[in-house]
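Written out below as structure tokens is the structure these notes cover.
Chain lettering (A, B, C, D, E and F) follows the sequence in which the chains are written, and residue indices restart at 1 in each chain.
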Amino acid sequence: MKMISELTDHEHVEGQFLVGNVSKGVNTVGGSYFSVELRDASGNISAKKWDATLQDEQIFIAGNVVSITGETNKYKDQLQLKVLTAELVPLEEIDVERFVKAPPVAKSELIKRFNEHKDSVKNEDCQKLLNYFVKKFGDSLFSYPAAVSIHHEYSSGLLMHSVTMADIASSLCKIYDADHDLVVTGCLLHDMGKMIELEGPIVYKYSTEGKLLGHISIMAAEIRKAADELKITSEIPVLLEHMVLSHHGQLEFGSPVMPLTKEALLLSLVDNLDSKMVVVNKALQDVEPGNFSNKVFPLDNRSFYKPNK
Amino acid sequence: MKMISELTDHEHVEGQFLVGNVSKGVNTVGGSYFSVELRDASGNISAKKWDATLQDEQIFIAGNVVSITGETNKYKDQLQLKVLTAELVPLEEIDVERFVKAPPVAKSELIKRFNEHKDSVKNEDCQKLLNYFVKKFGDSLFSYPAAVSIHHEYSSGLLMHSVTMADIASSLCKIYDADHDLVVTGCLLHDMGKMIELEGPIVYKYSTEGKLLGHISIMAAEIRKAADELKITSEIPVLLEHMVLSHHGQLEFGSPVMPLTKEALLLSLVDNLDSKMVVVNKALQDVEPGNFSNKVFPLDNRSFYKPNK
Amino acid sequence: MKMISELTDHEHVEGQFLVGNVSKGVNTVGGSYFSVELRDASGNISAKKWDATLQDEQIFIAGNVVSITGETNKYKDQLQLKVLTAELVPLEEIDVERFVKAPPVAKSELIKRFNEHKDSVKNEDCQKLLNYFVKKFGDSLFSYPAAVSIHHEYSSGLLMHSVTMADIASSLCKIYDADHDLVVTGCLLHDMGKMIELEGPIVYKYSTEGKLLGHISIMAAEIRKAADELKITSEIPVLLEHMVLSHHGQLEFGSPVMPLTKEALLLSLVDNLDSKMVVVNKALQDVEPGNFSNKVFPLDNRSFYKPNK
Amino acid sequence: MKMISELTDHEHVEGQFLVGNVSKGVNTVGGSYFSVELRDASGNISAKKWDATLQDEQIFIAGNVVSITGETNKYKDQLQLKVLTAELVPLEEIDVERFVKAPPVAKSELIKRFNEHKDSVKNEDCQKLLNYFVKKFGDSLFSYPAAVSIHHEYSSGLLMHSVTMADIASSLCKIYDADHDLVVTGCLLHDMGKMIELEGPIVYKYSTEGKLLGHISIMAAEIRKAADELKITSEIPVLLEHMVLSHHGQLEFGSPVMPLTKEALLLSLVDNLDSKMVVVNKALQDVEPGNFSNKVFPLDNRSFYKPNK
Amino acid sequence: MKMISELTDHEHVEGQFLVGNVSKGVNTVGGSYFSVELRDASGNISAKKWDATLQDEQIFIAGNVVSITGETNKYKDQLQLKVLTAELVPLEEIDVERFVKAPPVAKSELIKRFNEHKDSVKNEDCQKLLNYFVKKFGDSLFSYPAAVSIHHEYSSGLLMHSVTMADIASSLCKIYDADHDLVVTGCLLHDMGKMIELEGPIVYKYSTEGKLLGHISIMAAEIRKAADELKITSEIPVLLEHMVLSHHGQLEFGSPVMPLTKEALLLSLVDNLDSKMVVVNKALQDVEPGNFSNKVFPLDNRSFYKPNK
Amino acid sequence: MKMISELTDHEHVEGQFLVGNVSKGVNTVGGSYFSVELRDASGNISAKKWDATLQDEQIFIAGNVVSITGETNKYKDQLQLKVLTAELVPLEEIDVERFVKAPPVAKSELIKRFNEHKDSVKNEDCQKLLNYFVKKFGDSLFSYPAAVSIHHEYSSGLLMHSVTMADIASSLCKIYDADHDLVVTGCLLHDMGKMIELEGPIVYKYSTEGKLLGHISIMAAEIRKAADELKITSEIPVLLEHMVLSHHGQLEFGSPVMPLTKEALLLSLVDNLDSKMVVVNKALQDVEPGNFSNKVFPLDNRSFYKPNK
């Protein structure tokens, strides 16, 4: 089955799509219709479902995967899809491959770097904890996104973020004489609570536990539990719990304590730096030189400028 | 040995005292002396140690318990103590009974009410967790103070606070149709992390773990660990972790999440109410009617007014 | 005449309705129509007025009471009302009984408890002031809502709030050794300024005086005026003025002074507690266990979770 | 009796002085002495009371007026006063003329301008209210300071502030087409609550009522009471109450409502402007060109620069 | 060609219009139409362009000037315009006279007062800088608006603001003994950075440089550059740079330093006063006495009340 | 002449010292003395000047360099200095070598890296501006401290900070695809305004111009001026002005605009990171493992923990 980017005019379409933004309209004779954005990993297409039924209301909800038959047509030079039939796809029948974007760096390369960073950690207690969590979370660790995602997020975002941070932070350890093992372990572990905070597949949403506790508290508690099971008696687990708890850097950003060790401060600064740079890069990617981006919500709603070459 | 409140003029003194505020003075011939506030459970007395030695500097530190010989004298109608000899008392030789104030309600009465509240909880998972922690923390649970204490704090403050909250909150559960078992369990557990956050004896200070993690995160993690050990599979532990995490009510007060259940909201409101009322009562206790108190730091540094009868 | 909850399909309708949300649509031939939410105390119904006239624009305004003839019909299993004629009902002809929801506790029961609390006050100056205001505001005191209301508010909300606060606060007076007479008088008087701040009937809106002065300053000034007329020379009126002025607890919530007496602090804490618990109960009332509520504006826009049984 | 500025070396002194900052010292033989700043309207002098007695502690308190005998002497080119005897002066025996600084503009001139502004108001209800309060507060109105004063404040500060504001605001009424009568009445009345908020004589402090209610709420309530007594039925009293309540401009500065009329906004802006300009002038008055002032607390603790000529 | 305010019913229309708010509608047969607000200096008119083409999408953009043919008709007593043809007008062909509103005071009168203020400045370095910038910016200085403008702004707004400020501030210099030459020069120069921050014509928008630097930093740098070119060695340029940098009064309003001289403080207070009074006057201009205005965004979204006469 | 760290007991001392904290004491016979901290690059020593003269008051001011004769003695195991004579050293006679600490990396090495970074910039306009400022500021550029300094600051702090930032930022350019030339030029230029904001020698204080304008606005204006002189017409100067203006990242930290380009964002993040890491390293340098540092003012007054090895 074709991907969205491959569709042409006047084509019959059958396949699975992810539902994006939905709006409902009313025509003059009192009937309603849906304007729906459909997506797969290759792109988006506008679709109309005329003569909307009550059942359609339960299908066309952002985040659902639907199986659709329809026909393409052009309206003002833009390809549209007229939906003829639509059905909800059960979780187990979703063709996951159609929906997840590949990360900008190959997943295998990221896993390799993750393992190199893990192997660079020589402290035994750090090692034990790293091994514990790699085993606990398994392969999902390498495919989870970095954030709630309706669009734009790619798979392995969590891995990409952790590995980039470890790259940067390990070189900063030398400049600022910080403990390499603590910092690198912190980079690899700090966001793993998202494996419990978010639940998938395809469209990751906050789990109830995630909303009630947050990934920060979840992961700090998991380290405490692990240290107990692994019978670690050194200060390492408390230091790592502290790094996880404080990595958002400010109480008002959800950290219950502020960084109080050099290593925790460094972790929070690098997390802040990577998060913001990733956001600004995403915001600028489709902007022409000499223009401003749309407003970027996580960066105080500013518009960013792309200089002329 | 006499307590401070029993001392009279021109008396020889021998006994243990808790060191309060200390200031060092210099006389014109280059020698130094210490002005020291000495305390026991019955009150305070100003003391002077003339011709201070280097060793004195390590003894007269706020929070130490010292064994002193000296003599009382009156200066401007106020009893003072001239210190002759002073020695640091090793932890194991401290006569704890001399220093801890009794709570305003008898400890045995508080324990009785604690147990009544515990027994009123019918939910099995709540019961299991309550029993787990009563066992884990043991008798200290009933003698811990409610806060870091240099002065004014009495023993069993933690118990007093938890029991008062359970008294109030259980009657509010009826008014607002909240879950009695969750709320009462929350009242009894919510501050138990202070058993790890603070360390004593006599003068309780923040432990390193307490500073790095805080009692909120410590206790939430302990519940998570306990639920695991007790193999509880219901939603109860997550709801209680949430109540503990959110009970300061605001991110800027150290809660990583805000209350998101009716029971968590009620817990945080009653905690806020009891904490503030206890503070205002302490501030007003020695104020004459028609006068204002000193500035009360935890209440925005306001001075409170005691109305005329 | 039938209430909304009693209407069935294909029925001729005549009666008074309260106008809720209104939106105007345009059809393809340039004409306009109104989609209107109509309400009475029993519920809501969607209505359409086709071929809207200029006069209709002045009738279908949220908060108006309109006299309507029309016909019911079903659209997608939901009862709708096609409006044939609509006229504005003059204030004096409004059938008030059709619109006010009964409070959750019977009004007579609330009045009884109000009077019991009033009678429990022994201080003469407090008594005089209570009697003054009960007489001044008359029966409206027992039917006013607690807040500006377009929907959801029931009659006697002000009474319900004051009585619940007096219930809670009078029992807290014993726990915290606060002055019962001041606190109970404060509970009963504190929001009476809303009798001037808001004006009805049915749909209560801010009066001009209410917007320019606010119920806090209005009521404090009324107490000052009353004390003058009643020739009260004790400190009581100033203490009550202070309690009214400070009961929002923070300058940024509209209190010009913060609570500076134990009784004022208690009043503000109980007001805060009751207001928030009432809001969370309203937010959760139609939520299924295991789900989150809509965002609750007065509670920082949070969604609240209703635990599974 | 000589004023401080007239004293010379080796002179015998007898007279009343206002006590300013006090500090207590201890000499090596255990006795104490007081270093006291003594003031009158002409300036300050440093004084020492050696061999301080218990009675001295109750006399040398900032704000007291004391009757002193002593001798002047020079220490490092600066005149000092050695106190021989000191007694507290009863309120009724205070020689007020010795202590109050004259305002920078003659009081009679200020009263003349006050009356001219008052006469410029043509609206009858404004006139009635102005006359009511001029009568109520009497001559004190023309001698009150503008703020709590330990030093630097001169008498008639309240009058000076109100008249300057009326000068400025009446000319701005023309520029911005604001109602002259409301604005001028607002300027003259807005701070009169300080007559009740502060109590003197000589050293003005907050009264209990002042602390519990604040001059803003006091004056708004007084206008409401006056309007009742004067049987004014127009909108004028509510507009003036609003202007008084909102004249601090922001909730966090103690105004329970923000300015919501053009006239209230203008009043608050001119009040802000005059208050800040008076503060900056006081801060710069003794600063040499090319230098910075001390930190100015009410202006965010900034130091102000006086440019070179 | 007629202005909008002169149009009558059933009239053929040809002329240039400024595009205001635009909304796009869809009819039941899938076609679209535009509802457009068209403006000139005399007022607004609603227009419809049926059967919208792809080209129309590029023409009907807020801020464009379009050349239109059409016909007027009345709908519900309101004149509308049915657009037949529409074309974008190239910048150089815009009939600017049709679009700019005259300021409330005649431009020639404003220029006269500007020059009088300029001539009242006696300090040579201030004179040099004033002449430099009057020459640099030329006639545009007298026609620039005071802010980004889609509607309501009139030409010469910048001049009007500067001259009004100089009027007020020069009289305040006498009251507060501030340096007339610095203050008046500051009033005339302070906002000239807007000549670079905004770019026109007709509809003024932020330039890229304006967004990246802001008019405050631009003007301060221009003064520094000018002082260099003019070889001024006195303190005057630094004092004026400081006044420009600090005139927004607070860091959070975009001033990198707060006012630290009396003259800078006065400038910022008068700027604040004039800006707010102009906004409130605009908000109240079409409000009937006894009513509230719409919400005023730059004044905390408050609604302002116009008192009854 | 010996450095402080080389002094021993009972030694005659002659040499230049930097005055640190000063406190004045009074002895019982009315005379005064100074307790003074004296410093050179090797450390500190406590000194006493007994029988203080009026002249001493003008000499012992923090920041002065004084020429002293005296004698060392031991008091409680600590070396002290009894000052016999003291004279102010004129600026031109100060032996600068005695006072400036060497940076942790050799100055020559830092200059080498500065030049390597400068040479890595290929954009011509960036090159021109870099050369302009290296020439303008001359050798001082390589010896200026990074901040106002009474103690702890070493020479070449500004250079050290700029070079470290360039090291980090140039490697981040690759990770985040940012413009190397803009970022590196920004790192090297961003704090050069401190050359004008601060003035030395030895003890650097804010200049009047520095206080009134701030290094951010000074440097942005200098770039604008330089671009004019160098006749640069590209967008480069505006982009660099923007980077300088926004590098504090937030309006409340003194940046008049927030970062609006990827390169400006990166610069502000790296500046934030380096500043904080340098502060935390300084705070922890003398802390024993397992202990907390003193409170660190620029990091929210937190105490930092140094983990056990």
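We adopt the following convention: a contact is a pair of C-beta atoms (placed from the backbone, for glycine too) under 8 Å apart; a residue touches a chain by one contact, two chains touch by 3 or more.
The shown structure was predicted, so the numbers you read here are calculated from the model rather than taken from an experiment.
*Asks:* Provide the labels of all chains in contact with subunit C and in contact with subunit D.
*Replies:* Expected: B, E.
*Asks:* Where the centre means the average of the CA atoms, what chain is farthest from subunit C?
*Replies:* Measuring from the centre of subunit C, the most distant chain centre belongs to F.
*Asks:* How many angstrom lie between the CA centroids of subunit B and subunit C, rounded to a whole number?
*Replies:* 42
*Asks:* Let me have the rounded angstrom distance from the C-alpha centre of subunit B over to the C-alpha centre of subunit E, please.
*Replies:* Their C-alpha centroids are separated by 61 Å.
*Asks:* Mind pulling the subunit F residues that touch 2 or more other chains?
*Replies:* 28, 208, 211-212, 239, 260-261, 292, 303, 305
*Asks:* Could you draw the chains as nodes, link the ones that touch, and say if you get a line, ring, star, complete or other?
*Replies:* Other.
*Asks:* Considering every pair of chains, which are in touch?
*Replies:* Pairs satisfying the touch definition: A-B, A-C, A-E, A-F, B-C, B-D, B-F, C-D, C-E, D-E, D-F, E-F.
*Asks:* In the complex of these two chains, what residues of subunit A are touching subunit E?
*Replies:* Touch list, subunit A to subunit E: 25, 27-29, 75-77, 290, 292, 303, 305.
*Asks:* Applying the document's contact rule, which stretches of subunit D touch subunit C when the two form their complex?
*Replies:* Listed in rising order, the residues are 208-209, 211-214, 216-217, 220-222, 224-225, 228, 238-239, 241-242, 245, 251-257, 260-261.
*Asks:* Mind pulling up the subunit A residues that touch subunit C in the complex?
*Replies:* 26, 28, 30, 54, 208, 211-212
*Asks:* Provide the residue numbers of subunit E that touch subunit D in the complex, in ascending order.
*Replies:* Going through subunit E, the ones touching subunit D are 164, 167-168, 171-172, 175-177, 179, 182, 235, 239, 258, 260-263, 265-266, 269-270, 272-273, 276-277, 280-281, 284, 292, 299-300, 302-308.
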